[in-house]
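Structure provided below as structure tokens; questions to follow.
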Amino acid sequence: MKDVSQKPDSLRKARATATLHAPASCIDLLRSGETEKGDPLKTARVAGILAAKRTDELIPLCHPLPIHRADISYELAQTHVRVIAEVQTIGPTGVEMEALVAASMAALTLYDMLKPYAEPEDLHIEDCRLERKIGGKSHFRRQLA
Amino acid sequence: MKDVSQKPDSLRKARATATLHAPASCIDLLRSGETEKGDPLKTARVAGILAAKRTDELIPLCHPLPIHRADISYELAQTHVRVIAEVQTIGPTGVEMEALVAASMAALTLYDMLKPYAEPEDLHIEDCRLERKIGGKSHFRRQLA
Amino acid sequence: MKDVSQKPDSLRKARATATLHAPASCIDLLRSGETEKGDPLKTARVAGILAAKRTDELIPLCHPLPIHRADISYELAQTHVRVIAEVQTIGPTGVEMEALVAASMAALTLYDMLKPYAEPEDLHIEDCRLERKIGGKSHFRRQLA
Amino acid sequence: MKDVSQKPDSLRKARATATLHAPASCIDLLRSGETEKGDPLKTARVAGILAAKRTDELIPLCHPLPIHRADISYELAQTHVRVIAEVQTIGPTGVEMEALVAASMAALTLYDMLKPYAEPEDLHIEDCRLERKIGGKSHFRRQLA
Amino acid sequence: MKDVSQKPDSLRKARATATLHAPASCIDLLRSGETEKGDPLKTARVAGILAAKRTDELIPLCHPLPIHRADISYELAQTHVRVIAEVQTIGPTGVEMEALVAASMAALTLYDMLKPYAEPEDLHIEDCRLERKIGGKSHFRRQLA
Amino acid sequence: MKDVSQKPDSLRKARATATLHAPASCIDLLRSGETEKGDPLKTARVAGILAAKRTDELIPLCHPLPIHRADISYELAQTHVRVIAEVQTIGPTGVEMEALVAASMAALTLYDMLKPYAEPEDLHIEDCRLERKIGGKSHFRRQLA
């Protein structure tokens, strides 16, 4: 794990996304919030936030950081749901991995809760990526086509 | 968390994948195993195996299961690496989520170790899905085109 | 940690409760599900289920058990909410502590989410107890007055 | 998880309590420290301190904080024991939940170790509440009757 | 992580030790149980038992096992303390690593609590090893000289 | 857990070691990196780094610290391997325990991966100690003979 003790603390934000593709009937279940395992969007939000805080336990070379904000939001389309994770800290290194872990874990939690309602081949997660990063030596904003 | 106490124990296997896309120079780094953070493929294998064992802590409605086997392998192409996670148990419910969590976490660990060598827009994870599931009420094998 | 290897596996269930007292306006927030931190009842359900699965990490002399079911429900009154945790396993020892930990953690999660809306002296948790236990050497059912 | 990155770091302390009611013979066991599972008061102190440090993993919307002090003390009466948890940090948000989690987990650990010596209906935890909070936008001290 | 799903469950026990060397004045503190951080022997017992249960999170290729018993005992000499960890399960693979992890973590906890009373060069842990293993394909008992 | 809120943050480093003794054939396996469980040196490095970050969960009276660097290196001899853990933080208290935990867990991970290739009596860990500590009220450097 690299030495970050010489790097100054700065405000750092990151936004990452992951998109779960599922049959339209599954997306309807996300809207209604009623599955046999509970409310998927609200449960996945909790899973994503908790995962963000444990990133340094999951990704071996990540530094522990004082997470100052973490949240999950969703964009629902007809046959997919886009999970958006936003994480913020004041620290010596960025929260990109925290945002990516949060988005992935929230998407996988949705997967788990929709699993009884779909065939495995109809559920898959795509386009898990960093969308925006602020702070540190460089800023980055993805160019949307 | 649903009641599985009436379901009989059976041998259950699952195989899941996730594909990290990255510049060719990054894939070369995976081959050489030499990045400033260490050997990515071997580190990500450990991260994936550890994550499989903690799935019930990460995915809220998953049951704890005695994981009998978990492993990570890789298929390297020119501009992507396919992570394959295989998990096995003898238990009352399947290990699909364990395999998906393992593949995702291994792919994210690779991402973290390649991050210093690529622009954020050039790194993304695609096609995270269940490939095969054996045991329980139904068997499933993805039809390859 | 006592030796339970000679004890036979049996179906074991436990039900525990904890009651959070709060101003009526806070109980209304539980009903609407809208606080600045999110939906309290649904978030606390997740917290309780996750805590049940980690009981052996939190209560030092508890044995790890394959939790087969864990769930949280609520009874809302005018100035309190009763949290009910139900846990089930097939194992050599009971899940009383799992149910008590789940009820406590769910009640504390509600507390955390209602905290911005109440004075500290108006929030307190009472009557955290085991209500029912089935399996093992003795059955127990609390006599309701 | 709310954004606390604009809030200044300040010294913050919190004191919380939880009271375990148990038969007098059980309270005697706490005094002697000799149960079949070990010394309850000393074991519960460790459980409470460890739980304080893991509060952000247990209570989903809590921020991780650098805990600077955490301790557990006890007041023994004839048929109950009052657990007092004190937690301290220098951080952007308070440690109320850390103190409440520590008091609850210590009380539940006592419960677990006394369980073999009492009927379930004779063990219950009451009056789990915040007693004092220092730092942040407001100070609070419970008025004792 | 190797596949153990074809291996039959059997009763398995392991005993491991680790010896902390420390000045005689420190060993006296262990006897009295009074250090500024609390009672070392009782605290280290809890740390060792908890570590045994988390072995599969700490040692990457270890399988999760239903720990049926774990305990720590001590042999105090003039300038050292021998930590003995005993762990038991009924499972498809042994608990050697669980016993070694428990002994090591208990010894390190003693180290941490005696640290304020000794120079670093006077504290060291030696002879961390497996002493006895029962169950599985072979039994093993260390020949004492 | 002692109060460190009045202690100033300073740069703190610690180096600890642990030595695993094993048959020469096992040390050769470390060099080749090829065992049935994977590459021991690389796996143990990950285990050590992860353990350093979780020290406050494992050693009850340790404070959580923002680990700024953690790494593991090795010195291979004919019949032993010396594990060296280096940890760094900027904080109010030192990282001695983090370094000792990292060295111990890395050594135990090597033990676990070599276990299939040696008799238990031929594997043991010695000389687990702090070698160097910088920062805080006193500096310390072990005098090498």
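Order of writing sets the chain letters: A, B, C, D, E and F. Residues in each chain are counted from 1.
Note that a contact is a pair of C-beta atoms (placed from the backbone, for glycine too) under 8 Å apart; a residue touches a chain by one contact, two chains touch by 3 or more.
As the structure is a prediction and not an experimental result, all values here were calculated from the model.
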| item | value |
| --- | --- |
| Mutual neighbours - chains that touch chain A and chain D alike | C, F |
| Distance-maximising chain from chain E - centres being C-alpha averages | A |
| Pair in D-F, A-B or A-C that repeats A-D, with over half of contact pairs matching by residue number | D-F |
| Mean-CA-position distance for chain D and chain C (Å) | 17 |
| Rounded Å distance, chain D centre to chain E centre (Cα mean) | 28 |
| Centre distance in Å when chain C and chain F are each reduced to the mean of their C-alpha atoms | 38 |
| Residue numbers of chain D (touch at least two other chains) | 1-2, 38, 43, 46-47, 50, 54, 60-61, 64, 66 |
| Chain contact graph, described as a line, ring, star, complete graph or other shape | other |
| Chain-to-chain touches, reported pairwise for every pair that qualifies | A-B, A-C, A-D, A-F, B-C, B-E, B-F, C-D, C-E, D-E, D-F, E-F |
| Chain F contact footprint on chain A (complex, rising order) | 1-5, 56-57, 60-61, 63-66, 91-92 |
| Chain C - residues contacting chain B, complex | 11, 46, 49-50, 52-54, 66-71, 88-90 |
| Residue ranges of chain E in contact with chain D within the complex | 38-39, 42-43, 45-47, 50 |
| Residue ranges of chain B touching chain A (in the complex, touch as defined) | 1-2, 18, 36-38, 43, 46-47, 50-51, 54, 58-62, 96-97, 100-101, 104-105, 108-109, 111-113, 115, 119-121, 123-130, 133, 140, 142-143 |
